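Structure record follows, encoded as structure tokens.
The first chain written gets the first letter, and so on, giving A, B, C and D; residue counts start at 1 in each chain.
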Amino acid sequence: MPENVKTADELQTRLVANHFNEWMGLKIVGLDEDKIEITMTWREEMISNPKARVTHGGILGALVDVAADFMIAAKAGAPAPTVDMRVDYHRAAMPGDLKAVGRIVRLGGTFSTAEAEVFDGDGKMVASGRGLYFTGALKKQVKFLARF
Amino acid sequence: MPENVKTADELQTRLVANHFNEWMGLKIVGLDEDKIEITMTWREEMISNPKARVTHGGILGALVDVAADFMIAAKAGAPAPTVDMRVDYHRAAMPGDLKAVGRIVRLGGTFSTAEAEVFDGDGKMVASGRGLYFTGALKKQVKFLARF
Amino acid sequence: MPENVKTADELQTRLVANHFNEWMGLKIVGLDEDKIEITMTWREEMISNPKARVTHGGILGALVDVAADFMIAAKAGAPAPTVDMRVDYHRAAMPGDLKAVGRIVRLGGTFSTAEAEVFDGDGKMVASGRGLYFTGALKKQVKFLARF
Amino acid sequence: MPENVKTADELQTRLVANHFNEWMGLKIVGLDEDKIEITMTWREEMISNPKARVTHGGILGALVDVAADFMIAAKAGAPAPTVDMRVDYHRAAMPGDLKAVGRIVRLGGTFSTAEAEVFDGDGKMVASGRGLYFTGALKKQVKFLARF
């Protein structure tokens, strides 16, 4: 696996240039060669079932996608288009901030696979999943990808 | 496949009691025995890449999930908890309202599979996918599910 | 969607040149512009749980993959490499021949999505799923793919 | 996570009672509290593309499923029915024995998620994926699952 080419600060700027990510209050709170950690600020509009007040699965899916893709961005310089993804819902996410941890499964010159886990404030995993990213779209700006 | 037990109006009330669905401006515009059609009102906060101004994949994923689950709700009386889902992204979704069409793949007493396609204003499919729903959670209120 | 460029006979030759497909006794029994139908000859070695004598999920997954990919082959001239896939298991598949029906969800110049359903001898759906195929790998031999 | 309730030897007996697993020459070569390692003996009938002589994706998918499910079996006493699965294909698997490593993502009383990676003889990862398993089916024989 190549070394990171972006810092947490550089990625943070890109992260919240994305309006929906900004709406979710996303913030990179950790980055090393193996993983990225992103927190989300809960808001009332994220509620799904109004009685149970659980957080909408679409929000959890977006978190999995963003955390996985921004670990790719750390290695490849920019997030890559998501081709497809799978999300597993493990527990209801009650109102409160969440944290997503993204890791790369395989970095490739055409396609890459990355995964993420989403945790609630008690550290319980509420969702996890993996996505396929079209890193081929980044080849022009990221020369080293051709080696994979 | 059993007949629908809920009307579009009944489902609409439930749909937007969900805060995030309301935020997305979801509206049921069609319902028959085979499919449900739900429109989404685009908003600036849904933008992902700010240059390309494409709609965030998390929004498309939420649409697939909601349309699939509300076709289950039409048959089973209530939406069922999402256990996992897969979303395929086919084209960039440019700014503009979207429509999701949900169908049931298999209705079961413990778990059910449903799918949905998401279309842009030109009728082009921008995403599609399928989810697994825990219809076993509905068994107490929906007696007939025990037959599946 | 473009017209088929291969006949069922041409595809059958390619299908069983593949040793594992031959081992499964695969046979194309139907092909039109929208779908391909492939039958599988059951064999004792396909059994999973020896008491229940159900067919192994790996066999059902292989059937979904092959049927989806050979509908792509009908349109694109050759099967494309599978990038990822999802399979849903709906019912236990008891001993007996199976039939898979493949359809294209979206045909693209770089990647394509196709789906398939697998039925038992009573016409009950035992599994279904979808895969992502790297049609970009076929571009040199299949010129028209560049248009998608 | 609870401790293993089965030894590698006990699981091996169950593993190859399954005819298709026996046909694939599966052998448990490692088991600890976190992971199970299973080797597969390559055979000519597993070839997909006859020119490239790569191993069929259906075989790799079956390996992911079996390794994930038998790690569940180590904890829960028996493999659980596969509800759905996702497989990512990372590299062509050339002729030769393979090794799958299975881990649990989340063990639950109704549904459980487990994952696996498949490696070739050079230690390169050729495929990986995750499945959803209906551990609720094991509740009668495995009392402690009710606690999850």
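To be clear about the criterion, contacts are C-beta pairs under 8 Å (C-beta built on N, C-alpha and C of every residue); 3 or more make two chains touch, one makes a residue touch a chain.
None of the values given here were measured: they were computed from a predicted structure.
The chain pair with more C-beta contacts between its two chains, of A-D and B-D, is A-D. The greatest centre-to-centre gap from subunit A, using C-alpha centroids, is found for C. Once the centre of each chain is set as its mean CA position, subunit A and subunit B turn out to be 23 Å apart.
Distance between chain centres (mean CA atoms), subunit A to subunit D: 27 Å.
Averaging C-alpha coordinates per chain places the centre of subunit B 32 Å away from that of subunit D.
In subunit C, the residues that touch at least two other chains are 83-84, 86, 88, 113, 132. Note for the complex: subunit C touches subunit B at residues 86, 88, 90, 105-106, 108, 113, 125, 128, 130, 132. Residues 17-23, 44-50, 56-59, 61-63, 65-66, 81-89, 129 of subunit B are the ones that touch subunit A when the two sit in their complex. By the touch criterion stated above, subunit D contacts subunit B in their complex at residues 83-84, 86, 110-111, 113, 132, 134, 136.
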